[in-house]
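Have a look at the structure below, then the notes.
Chain naming follows the written order as A, B and C, and within any one chain the residues start at number 1.
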Amino acid sequence: MNQPLLEAINLSRTYKLAKGSAGKGKAFRHALVEMNLSINTGDRIGIVGESGSGKTTLVRLLLGLDTPTSGSVEFKGQTLISGKMPWLRKDVQIVFQDPRSSLDPRMKISEIIREPLVCLGIDEDHDARIDEVLDSVGLERAMRDRYPHELSGGQRQRVAIARALAPRPGVLIADEPVSALDVLVRDQILELIAQLTDKLGLTLILVSHDLSVIARLCNRVIVMKDGAVVESGNTREVFDRPAHEFTRALIGAIPRLPESL
Amino acid sequence: MKKAMKGNISLITGSVMVAITFSLLILSFIWTPHDPLEVTPDDSFAGISSKHFLGADKLGRDILSQIIVGSRVTLLVAALAVTIAMTLGVSAGITIAVASRKLQAPMVYAVNIALAFPAALLAIILAAVYGASTLTAVSAIGLATAAAVAQVTRRTAYGILASDYVLAAHACGASTWRIIRKHVMPNLRASLLIQASAVVSVSVLAESSLSYLGLGTPPPAPSWGRMLAGSQQYIFVNPLLAIWPGIAIVIVVLGFNLVGDGVREVFDPTLRRSDS
Amino acid sequence: MSLLEVNNLTIAFGDKKVVDSISFTLEKGSRIGLIGESGSGKSMTSLAIMGLLPDTATVSGSITFEGQELIGLSDREHSHLRGNRMGMVFQEPLTALNPLMRIGKQIAGPLMIHKGASLKDALGSALELCTKVGLPDPDRVLRAYPHQLSGGQRQRIGLAIALACEPALLIADEPTTALDVTVQREVLNLINTLVDQEGSSLVFVTHDLPVVSIMTENIAVMQLGQIVENATVASLFQAPKHEYSQRLINAARVAEDAFSGTGGIK
């Protein structure tokens, strides 16, 4: 039987709000409600949705970095238990939404990218690999010895991408990975990811507010609102013939470039 | 720019003050103007003179010589107390921070109890068992401040462990031990430096009070704390007696504090001006 | 007199110039967009105006704001302007927020410092601001800590803080990267209205060319620390002169066409 690679089963996450941090009596925040999702090897899934709809929450759960309130996540048929699955790490890497806070302020860029190589025991010349990924995300090798606060926002974002790609993961989960990049660099990164998916069969889970990025990289898309999926399907079909009102609103609100002559 | 300069000034001033103390320590082994314990009744309460640069106490002992030799006790106290407090406090603080939820509560409770336990009481117990000495005083001070260090360390470590970069390290497959070593410790460093310099100040002062109560360095070995305490009853007869050891204590305490501050400001790669 | 005049501004780290002798002016009530390569010095320029450059940076040239020279201004004098006459939305929202302070107090802070508002009044205004920037459930948000909010929610808090004192100059460094396009539209409209109402000026830093074309009249294109082209929106998008602007705009058009090609937008 064909078992999915990564599967979310009735996945819910409710944040308990500390006393006094909620309005009248409301002490819970349902960030993710009864989510079902199954991802096969080689899938390229795009996640779009309202700000605050639970995308980041979902992504953390899929990685076992957080514990679901109910439901479960299975990776190759095994249930993830938060914090206890080194076998998962070798296969799945993540790019966090806020690059700056996901980089240790006291580590040089080279040490940051080296971390997964060391922790996962990657049997390869680490320095060569670090140079290679820095090149591929368009950062100068001289950046190796800088600290995160000595880079620009977009450069930090690329460091986060480089760290995730360094151990050659089979699954890449990326939360807004190109939001701080200019169009040309963004194209370079998207091209890099496209190549990895095409040539090496990388499985991709991509969260983005930029529908054109999703359209370019993903074959499937899910649209989220208020912690639930409102629409999903083939990227082309969803964007061509959006069924849900929210999807239509999204597509309608995309700003356009001024006409050229 | 401005901040780096400010850090430099504290660092330089602090280093000079600490260096003065250490010079006294070295000097104490080479030369003192008089034997610090030599009693000369004729010189009782002598003022500043060419014989006694800083005067003499009731028994006519030379103050300068006592100050020079007293630096030994002070620096020994500082070094031992910092070692005890930081080793115990930091390891306890980090252990609690990374422990599972269930274990955390009782450990935090234990630290709180230790925190409430007065150093003086501990010193009395130790002195009763082993006889009062510099060592019993220092152990009491070290143990008592360790609880405070553990408390601060635990809180700071919590913050670090909750950060996105630790989450990212987990996602890379880093072990708990690696996270402590590579992420928690480096990010704790600034806070540890401040705590260490605070421990120095507290311990030097605490040793003075314990000696005064007879729970520290026993007479006649000179200690700044006891000199200060001993001068109290003659404060109106001869205020100089209190001033000299007072100045000496201020120099060490302030010196270590400034060094702690300066090191943090100069070497912290991320210290940026915060916006209002 | 212009509201903001930047003249030959140069910012260097050691002997590496990250902003290289740039100049531009901004009249009261007008808007300029800063676009360009990642790492070209857009954020450094913004921080220089705010007086928030890292201590390791050396600055030369001149920045005058309301007739006052900002370079060489003491930190204290600058802090009277910051958050008051000039507000900034920072590129990475999380780092600009205090992790240990509830959101409400962080928005109320500048109002209390600069406008002498009482805590209660300031919190009232904070609630209003949260509603304005489109945050659902503003009551909860005010009492939350930064880590309890989503990326886009934090970004809107950053905007609320910048807008709190109705600044004469608003610097927005990528203020909508974490927002979905519907919320983005609301937030841009809000910035438009407020800027128009108060007659404020706007420096808008972004990588999103469609957005910058809507938000500003003039655009400065930066590359390697220099402004390589400074033109009106219309002339830049119709006939970009500099080679880098041409490449940038072309790439944006290609991406847009490719997306429309999937049928996404008619």
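In the analysis below, contacts are C-beta pairs under 8 Å (C-beta built on N, C-alpha and C of every residue); 3 or more make two chains touch, one makes a residue touch a chain.
Just so it is clear, the model here is predicted, and its values are computed rather than measured.
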Centroid-based (C-alpha) most distant chain relative to chain A: B
Maximum inter-chain contact count - chain pair: A-C
Centre-of-Cα separation between chain C and chain B, whole angstrom: 47
Interchain centroid distance [CA atoms averaged], chain A/chain C, Å: 26
Per-residue multi-chain contacts in chain C, two or more chains: 54, 94
For chain B, residues contacting two or more additional chains: 164, 272
Per-residue multi-chain contacts in chain A, two or more chains: 98, 101, 149
In the complex, chain C residues that touch chain A: 13, 35-40, 42-44, 54, 91-95, 102, 136-137, 139-140, 143-144, 148-153, 173-174, 177-185, 207-211, 213-214, 233-234, 237-239, 247-249, 251-253, 255-256, 258-259, 262-265
Touching residues (chain side chain A, partner chain B) in the complex: 60, 63, 65, 83, 86, 89-90, 93-94, 96, 98, 101-107, 111, 115-116, 119-120, 147, 149, 160, 163, 167
Complex interface listing, chain B residues touching chain A: 163-165, 167-175, 178, 182-183, 186-187, 189, 269-270, 272
Sites on chain A touched by chain C in the complex: 15, 17, 20-23, 26, 29, 48-52, 55-56, 97-101, 149-156, 158, 176, 179-187, 209, 211-212, 215-216, 235-236, 239-240, 249-261
